[in-house]
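Both complexes shown next keep chain A, but they swap its partner, so chain B is in the first and chain C is in the second.
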Partner chain A sequence: MNHGATADQVVPDAPVRAAPRPNLLDLRPAAWMLSPALLFMLAFFALPLSTLVWASFHIYEPGSTVPTGFSLKYYVAVLTDPHYLTIMGTSLRVAAYATLVCLVIGYPVAYLMAISGRTRPWLQMVLLVVVFTPLFVGVVVRAFAWTVLLRSDGIVNGLLLEAGLIDTPIRLLFTETGLVIALTHVFLPLMILPIASVIQKIDPNLDEAAQTLGAPPRTRVLRVLLPLSLPGISAGCAMVFCMSISAYVIPTLVAGGRLLVMPVVVAKNFMVTMDWSAGAAMAMVLVLLTSAVVAVNTFFFERRSRLMRAQA
Partner chain B sequence: MNPGRALLYPFCLLVVVFILAPIVVVIGTSFAVSPVYEFPPQELSLKWYENLKNVPGLWSSFVLSVEIAALSTIVAVILGTTAAFALVRGNVPLREPVTLFLISPLMLPAIITGIALLMAFRSIGFDSSFWGVVIGHIVITTPYVVRTVLASLQLFQFNQLEAAATLGARPAYSFVKVLIPQIMPGIVAGALFAFVTSFDNYAVTMFLVDARSLTLPIRIINYTETSPDPTISAIATLLFVMSVVALLIGDRMVGLKKLSGVE
Partner chain C sequence: MGQLTVTDADKRYGSLHALDSVSLEVHEGEFVSLLGPSGCGKTTLLRSLAGLVRLDGGRVLLDGRDITRLPTHQRAIGFVFQNYALFPHMTVAENIAFGLRVRGQSGAEVERAVAQALDTVRLPQARDRMPAALSGGQQQRIALARALVTKPGLLLLDEPFSALDRQLREQMQLELRDLTRRLKITAIFVTHDQGEALIMSDRIAVMNSGRIDQIGAPGDIYERPRTKFVLDFVGLSNFMPGRLVGRTGDACEVDVGGRRYQATGAGDAMQGTVGYAVRPEKISLLPPEAPASHNQITGAIRDVAYLGDITHYHVDVGQDRPFLAHVVNRSGSFSPAVGSRVVLQWLPADAVVIPGAAQ
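Right, the complex of A and B next:
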């Protein structure tokens, strides 16, 4: 696929060109075509976001949209007040569990999806349909589905009762366990797809070489497969963690606002109590958390893989 | 065959069941007679589908959501495609940071985009609920188009445009007849993601709507809070059918592998 790109770079400068380069087709001035998108995003994304950053350092009387002064006290409150710390703790814990469970149950599926491409294309297609379809179904429908499954008279409890694992229905709705289950389900495709795409690009000769050199299966998985799929693992984990910690619809439906996580509290500050200052400070903490995760992934994996491609 | 391999298939089967179960259960409960989300349904009926017409504002919310999604998708496709073209062909300074900036709404929690727009609109006194939501949705959907079209453009051989020019085609003509058809898969993929994202969005919309113009996701979630009966299952089933249709279109025009990034 990269041959096309190199050919493209070679041909325009080739000395065999007879006619001078037609200026009308020199599309380099195409840079101006960036302006509509750039202006739109500056006006409706960058500017509003800076409003939010600015507001997080100012005092708003509850109910008011005009700041009365500069203050860091809301950041201090969000980062020290036990009430806010509990909320952040819940958010971090739930997102971490969801990421971990997604990785553990998603990796084998991604592996099977990737290796079945050559030998059994139909199996790869089935897995792809199963994993990818939910992404098109939307979060609202899937979150609603879990409110049905997790009810105390719902399917999950029914199955557990029948299997004899529990004697009386356990409460799953409005609990962290229920929330982790729903988050795992909704964001699992975002773990499987990047890992599958990375495993598929691993040269099968490497595994064969390890086998020829006498490596047992466990060594081949731990020393060849896993290290080579790290970029996919990292991308998947970053995506699932960020989506889980910033999810609003799923905790609202599955935890019903009773289990407080950061997005729910932030939204409440803006919609119900109209306490902009505290809301903005907590929103900024959420932004910093997700940005840090994305930055770590980009720094360690995406840049490195881009460098490797550039060298190759 | 080692034991790890032997366990791989049953394990993956379990995960597949986990992925599919919620959707299957919702579809099942939508056809039940019982009002308490019975699965498997003992008796079948269409009464929850008939009840759809008794949900006030459901149809108008659906129409509104389609309008908003269509409008924001069209704008996102135009903004995203031109931007991607400029990034690949134009002499753009700071190409990488600019690309990152255009894609960044994807990485930011949607709720933050919603709050930021709410504050900005309030501070300038802008209070059109409809256009506010459309603007919010364009912000979160344009990155999808930028990303998918960028990927398509990277495979496009630009010397074809010069060939077209040698053959006498004017730039605009070769742009429409040579370039656009070849990057169509990227545009369609971006448009599909954009439409689905906008249609399903709650976290940005909720900050920007007023009570008169409720989009479908908001209507649905409000309904679950007031009258939790399987009417929602019926809506969910219909939305599921819509998603499958969208996916079939995507598969036909782009291919499922390309769409999902697994190639």
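Right, the complex of A and C next:
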């Protein structure tokens, strides 16, 4: 109690009010700028996605759009049935390999692109054009090109035979290897660009500081360059992985119907077997998987960059 | 440890001659500043000593060993960058330990050295913090600790304090000076700040267009500049183009537009066209009735700037530029107002004669 003051004499301090809660209807003009995009996303992303969620929990008679009951059996099937597990395994493996190969091929290119900006701008320009141009060619065209290249009598086999690396043509089309090659080619820019942009922002004095402290090249790469380019590596890997595991056109063209990956199976469920619920359940697993990859990536590096900016 | 000899160091960037046959001798434990405007080659010279710039010609010897072609990481040097260049992903302790770990040290040995280095720069409490959580001055002290912990023979500093505010900068200057004296470390310090160079250095090398114009103790550089560039770059001066007309022993006489002024210390090689200069604080301000003497010029006060400890007088003497006289304020000292006629006078020994400087 306040020193001897009776209750009715207590002069209230500045009235204690909860901080004003953000009012969702009190949108400032800046927020309105987003509304076309928000409306679009609502109509063409959130709405279809929620019907997908709905469908994945309900039983449909083939051909009917009216559910006959609630069920978790599709999720159980997708997550336990060996048939589905094999498909998920293939998907995960292919996406992981594509990501790894993109990283191994892409990192040196990204490094060169980033550092050439300082000393040889023309080289950076050339690299940018080389990396970017394929993005302007439709993915169908590029995937189709790979079906030609990877054929038994295609250019890849021809070159390998010519070089004496193989005796008989190897089968690349309709195999995981062929799919990884095509995915790597199509999504490589998504690995290179984020890494290059991160490396470009690393202070060149840091490498020089490490040199003056006696660090040989290998140590400088392992202890300075790589740790500082991790945000780019992680962003690139997340993007390539998510794009690879959800790719539909490329596996369809390169691997035909013979190599089953999740998007191909989802499409088959919806368009061929009319098993909507199973397709929806598998699509949801795919969505959750990619969301998890993005979320982990974001959380981990937000925390890390906050730490590097300042520590409490 | 720390005896440095640079012979005919040469470096070109395209058409720019960044280092034009520079030679320099630095003794053990000496603190030498490279002073000059941006683009004079001082940073290029410093970086070439670290091996961060590859020389086109010339040799660099450290303790008698030719290190001209030695990669940076094999040179036993410490380098402090203008922007600190602390590793942002490592704690302060990890930053300092980096150079020791690279050398294969570990465990308690490293711990001890890091703790000692932090004590040396008086920041033991920063041990486990990230560099970004420190102020600029603290970051630069950590950078210093990191550079010193490996006990380099030669410490190279590239404008390390230019990003700090004035008060902190002055404090850091004294600390660094004290540190290099205590550790008996040879230091080469790049700066464009003449005050900083004068305060800290055993010797200053003033650089201009890829060459060392003059190297000497701070007093020599300020009192006996040998080129117009050094005269202008370090301190203020009243400069008059003239002609050397007479010489007796150390003393000489310079003709400036018909008036004759006396000076001392003109080199033997000097003759003909010369520049005659007097620093503003060497000038005495006298009332117009003062007895006539050598080295006088009369004029009218055009402007007075009172700075507390001293007063700056701008005096119109009928030349293009007004004469500057800086006078210490004492009670009863002559303090003429704007418009007053005054006599300016200086000692021959306080005048500077530089060769060939037709303006």
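General remarks:
We take it that the second predicted complex is superposed on the first by the 263 of 312 C-alpha atoms of A that agree within 3 Å, B and C clash if a C-alpha of one lies under 4 Å from a C-alpha of the other, contacts with A are read in each partner's own complex, and residues count from 1 in each chain.
By definition in this document, contacts are C-beta pairs under 8 Å (C-beta built on N, C-alpha and C of every residue); 3 or more make two chains touch, one makes a residue touch a chain.
Keep in mind it's a predicted model, so treat the numbers as computed, not measured.
Shared-chain residue A:152: touches no atom of chain B or chain C. Between chain B and chain C, B contacts the larger number of chain A residues. By the touch criterion stated above, A:210 is placed in contact with chain C alone, chain B being left untouched. In the superposed model, A:267 lies in contact with chain B only, and not with chain C. Once the two complexes are laid over each other on the shared chain, residue contacts for A:224 go to chain C alone; chain B is not touched. When the two complexes are overlaid on their common chain A, residue A:64 makes contact with neither chain B nor chain C. In the superposition on chain A, no residue of chain A contacts both chain B and chain C.
Note for the complex: chain B touches chain A at residues 2, 4-5, 8-9, 11-12, 15-16, 18-23, 25-26, 29, 36-37, 39, 78-80, 82-83, 85-87, 89-92, 98, 101-102, 104-105, 107-113, 115-120, 122-123, 135-136, 138-139, 142, 146, 154-159, 161-162, 165-166, 170-171, 174, 192, 196, 199-200, 202-203, 206-207, 217, 220-221, 224, 232-233, 236, 239-240, 243-244, 246-247, 250, 256-257, 259-263.
Considering their complex, residues 50-52, 71-79, 81, 83, 85-89, 98-99, 102-103, 129-130, 132-133, 146-147, 150, 156 of chain C touch chain A.
The touching residues of chain A, counted against chain B in their complex, run 1, 4-5, 7-8, 11-12, 19, 21-22, 24-25, 27-34, 36-38, 40-41, 44-49, 51-52, 55, 65, 105-106, 108-109, 111-114, 125, 127-142, 144-149, 151, 153-155, 185, 188, 193-194, 196-197, 200, 217-218, 221, 242, 245-246, 248-249, 252-253, 263, 266-267, 270-271, 276, 279-280, 283, 286-287, 290-291, 294. By the touch rule above, chain A contacts chain C in their complex via residues 203, 205-206, 208-216, 219, 223-224, 227-228, 307-312.
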